[in-house]
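You will see two complexes here that share chain A, one where it goes with chain B and one where it goes with chain C.
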Partner chain A sequence: MATLSQALPVTAPKRRIAPPRIPWEIILFSLPALAIVFGLFIMPFIYGLDLSTHTLDSKGAIQDGRSLDNYTTFFNDQSQIDTIVMTFQVALPVTLFNVVLSLPLAYAMRRGIRFERFITALLILPITLGTVLVAQAMLIYFGRQGWFNQTLQAIGLIHDPLRLVHNWLGVEIALFIQGFPFVFLMILGYMSGISPDLEKASKMLGAGRWRTFWSVIFPLMLPGVAIAFCLNFVANFTVFPSAMLVGEPNALTRVMSIAAYRAAYEQQNTPYGTAIALIMGGIEFLVVALVLYLRSRMARSASLGAGKGA
Partner chain B sequence: MQAIETLEIRGMCRDFGTTAALQNFSLDIRGGTFVTLLGPSGCGKSTALNCLAGLLELTDGEIILNGKPIQDTPPEKRGFGMVFQNYALFPHLNVISNVSYGLDNKPMPRSERDLRVRWALDLVHLDMDEFGRRFPGQLSGGQQQRLAIARTIVLEPSLLLLDEPLSNLDAKLRGEMRIEIKRLHKELALTTVYVTHDQSEAMSLSDVVVVMRKGQIEQVGTPQDIYNCPRSLYVADFMGYANRIPVTLVGPEGNEWLVETETGHRLHGISTFDGSADWKPGERLLACSKPEDMQVEAPGTANRLSGSVHLVEFVGQAYESVVRLDDNDNLQLLVQSQNTLTQESPVSFGIRPGRLLLFPYEAPSGKRSGQRLSAVSTAVSA
Partner chain C sequence: MASQTITSGVTPTLTTRSKRQGAWWRFLTRDTFWGSLLFYAVIGFFVINIVALVATVVIDSFAFSWFKTILPTQFVTHWYPDLSQDHDMGQLLLNTFVVALGATGIALLIGFPAAYVLARKEFRLKGLLMAVLMLPMLIPSLVYGIPLATMLIRMGLGGSLIGVILANIVPTTPFVILILTPFIEQVDTALESASRMLGAGRFRTFRRVLLPLVLPGMLTAGILAVVRTIALFELTYLVATTGESQTLVTALYGDATGAGIRAHQLISAMAVVYMLTTMSLVIVALFFVKPTQFVVRLKAK
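Showing the complex of A and B:
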């Protein structure tokens, strides 16, 4: 506005340039949403941040003074550091598996296939069931005496029943059942948004399937893959019910959310539990930031790399 | 790249489910010619192009390049180039990378590749130093079009396929790019197959025009052939023979035919229709002509009709009027005149001899020839 009025001849009547109107209706309409975000997210976050800086006295009451003691305790406790590693060991493999499996499947289904509705419905079903029901079903189906083991034994593939629940693998399976549909449908949506003409153009320029996928489809998929990875990783990193029900909550699947839960509700140390939860959030934030950074670097190198053609 | 001497298409068919999108398409293309597939949307012209490219498999038929069948060769091995209607530029690659994309599939020293990229961009008048690092999204429509062409011709394809390449451009750019495409064809002597629904593009660019209808070839010929001697009412309609007068055949007269309109006026027409040898007096026919061949100022008293002016429109080189024939309110014709006419005034006009074409009678489908007239009248009455 300012530069425009300066560029105009001096004779242009100045008062005709109206000041930008304040969009009251937009502000008013967004107030309820802002109030909800503030009340349900920002307030508890600030409350938790404050709570995590307090410690308990010998009687278990919250002390007044603020310090970072909870955080130093956490990072000086080797068992808690192990918890972080364990959480990564639970969250990372299944997230990668979900993404890596979704990519070729979505690529194959990008133009639509037969029974697509049916397959989609089948995929959405586990989401609607909820984690506890899936965990219960898994205990029955994958248990020592479950159908799965019985069938394998009956056809003679295995002799002793496989241990598929109450361990790391059980959590991975549960997370796969719940997370894969999300990742797959997201990547499929992204994939079908890529114009089929780009693939045709690539072929007409002499590129085979492989080069077309890596030089055209994949770079264009990168933003979608990164977002799907981030969302699924965050969901898997905060796993709680599955790790409790089909995992080994005292050993290999003692993830951070279990540690926070135990601190807060078994040791009645809410400030320490809150601190663990905030550290968990901080780690998620760092991973998401790292993934998005890598994504932008890969996108840049893809465009430059093909230019230099090295 | 192996240059085209002959490209023979034999009985090419393509079905989609139970509908035949392309039936028995046969065409011989000599090296260096510019062939246009012309027709309305859904006539199978794009299907034919995609079959040629190898992007669609044939249901039946053969494509023979220099004596070798290639219908089973995958598109990336055919060595053909294609420019898409929406350009299909790679949005994540800059101009240089888009052009060198195809070169990267071939082993060649980097210096040669750079040279070729520059050559291709120069050819389409896209300045490499200014635009080379830009992404397709940062180019205008015309520049994107140039880039799409450069990306294809940098590979020196033996056959260049263009799928309605100008349809996304505004009128002025379309004219410019049409000349550019013509120039490129002359400079590179590229054998080209061009798909369009625009008859003026087809006329100005082509050596051979293939008019298509419902998946089949309706007529093949030079632009002059197609324009002056359409072999069917369909082609005539497409070439702008907008005026249709239902007539009854009286009989042959010299090289021409004498016909009578419903109001008893006698006219002389010619036939470019193949089956006209079987015509007998009393046969119902349609006499078709272009507005520019129906002139108010035409001399003489033969081949004249009269009516009253309904609407007048200025079309640039002349005035075009909707005229309702006397005693026949249902028949409206587009007539040209050098001077503007007064509405509702009586007018008489002559039809240029030899430019009134006769075809077997077809009931008006309502959509075709009436379209232009009714569009004009709704526009005026609104």
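Showing the complex of A and C:
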């Protein structure tokens, strides 16, 4: 080492490393928004994590000692485990249905819709009206004597009115009304972004419509479908007003958000309620991570398969 | 035309475009006939049900009673004045607007500089900044809402409009940033450079050049955020623990859960008031924005 450094010319100018320029503008401009995220989003999370490690004493005061009692209580309570199962039973079917229904519809309309502005305006109506109003309106419209049942009876499709509210199906319908336009417009936006040249090329190479869809369009759609699925699933997983109003909040649609709300507000046990909310967030995070992992694996196998096939 | 006939078996784009200019019923003759039929059948069914859903609420709010008939037998209007027996309607409307405009105004003020940075600057950790700012949109409000509400209540802001506004800023800020960023990206940087070169300072450039050009974006983001905030239920519900801080949507939910006590027409009347508030804003919004902007649209790479 010594000989090496001596061999180097001593006069070689030292490269001066310029001090890194501090991007003041970027820091200053993004600071207010970051402050909001930290103060009102990350802080509550940390506060909630801390709060969830405390328990209440018999008088309802928060005790000092930290433990994981709230979490063990939750996972040892069969009725709480059931809420996890029920939440999946409510959230998964409707999310899958939204995606599976949106795919062919968006495919059929990938080159633009007639009356697009009008149709989209009507589609976003339930999104802008909000969950509470849709649920409240459903109680009348899908009720035993509502127009929906009246129409089906008048056509002669059914004899007795269907039970469409105050049960699991009611929540599914409510989530479908809210979620379908969302998923459809997202997937449509993604689908119309795929170059029609690829489809043309596939057809020119002799692939039929079906094969073109599965080998060309679908693999390209996967990332978009995965994101739409995740966003919709996350929204459905924390369903609250619909599960209360058009579901059976004490039986089959006692989802985790209801359990969390009741613990925190009705039983005044905020540490436990916070723990349930955080468990809910954790499970949801796992599902999203799993879907995104599958997406990356499927995307890889699709590209490999295409290579082999050619 | 010649090239069209040659390629008509293979390429759909040219032919569809020329057909699209024809009469509206021509979509039935397109090569995707069954696709179109399926599409319009499903979407039509969905839309008809949505319209009927809304119509039932309106009709019910004018019904004397409504059983087993297509329309109520007798119409009355007294459910609307009756609303004020249960609620201070003026207060509810005022709260709704104060919360929606307050949260949106603050979100715009805070979101604009952040959107500017995201649209104009390239720097390390940009992806991280973007991810952190978008975090509240990706996590549903109930997960962070319970700890946030507990924190605000502990700070003495529970049941106050300030607390409700603070809670509503959280999802509104990333929403505003998401909409504003592409609008700022569209403004040519040369305009700003020219303004600076002509001797205008930073602030003057912002006020006289950038702001007027981005105003449509601000308006879009603002209206969409207001509509969204009015319908946003969970956060307001968790923080508005007193009657004085209720908004229309939480009052409607309160009425609907206590349905046994009230006539359903009364709840419907409440729903109509809420609906008129949102719909009037949505109609204003539709003059300025494309309906799809209500939904985040994914773009294929």
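The working rule: the second predicted complex is superposed on the first by the 289 of 310 C-alpha atoms of A that agree within 3 Å, B and C clash if a C-alpha of one lies under 4 Å from a C-alpha of the other, contacts with A are read in each partner's own complex, and residues count from 1 in each chain.
As a working rule, a residue touches a chain if its C-beta (ideal position, glycine included) is under 8 Å from a C-beta of that chain, and two chains touch if they have at least 3 such contacts.
Here the structure is a predicted model, which is why all the values come from computation and not from measurement.
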item: Partner chain(s) touched by A:Ser215 [first = chain B, second = chain C, both, neither]; value: first
item: Partner chain in contact with A:Leu205 - chain B first, chain C second, else both or neither; value: first
item: Chain C versus chain B, contacts on chain A by residue; value: C
item: Touched partner set for A:Ser296, first chain B, second chain C, both or neither; value: neither
item: Touching partner for A:Gln267 - first (chain B), second (chain C), both, neither; value: neither
item: Shared chain A contacts, counted only where both chain B and chain C touch the same residue; value: 200, 203-204, 220
item: Of chain A, residues touching chain C in the complex; value: 23, 25-26, 28-30, 32-34, 36-37, 40-45, 47-48, 51, 101, 104-105, 107-109, 111-114, 117, 119-141, 145-148, 150, 177, 180-182, 185-191, 193-194, 196, 200, 203-204, 220, 223-224, 227-228, 231, 234-235, 237-238, 240-241, 244-245, 257, 260-261, 264-265, 270, 273-274, 277-278, 280-281, 284
item: Chain A - residues contacting chain B, complex; value: 195, 197-198, 200-208, 211, 215-216, 219-220, 299, 302-303, 306-307, 309
item: Residues of chain C touching chain A in the complex; value: 10-13, 16, 20, 24, 27, 32, 35-36, 38-39, 42-43, 46-47, 49-54, 56-57, 60, 66-68, 70, 109-111, 113-114, 116-117, 121, 123, 129, 132-133, 135-136, 138-148, 150-151, 166-167, 169-170, 173-174, 177, 227, 230-234, 238, 249, 252-253, 256-257, 259, 264, 267-268, 271, 274-275, 278-279, 282, 286, 290-292, 294-301
item: Chain A-touching residues of chain B, taken from the complex the two chains share; value: 53-55, 74-77, 79-82, 84, 86, 88-94, 96-97, 100-106, 110, 113, 135, 151-152, 155
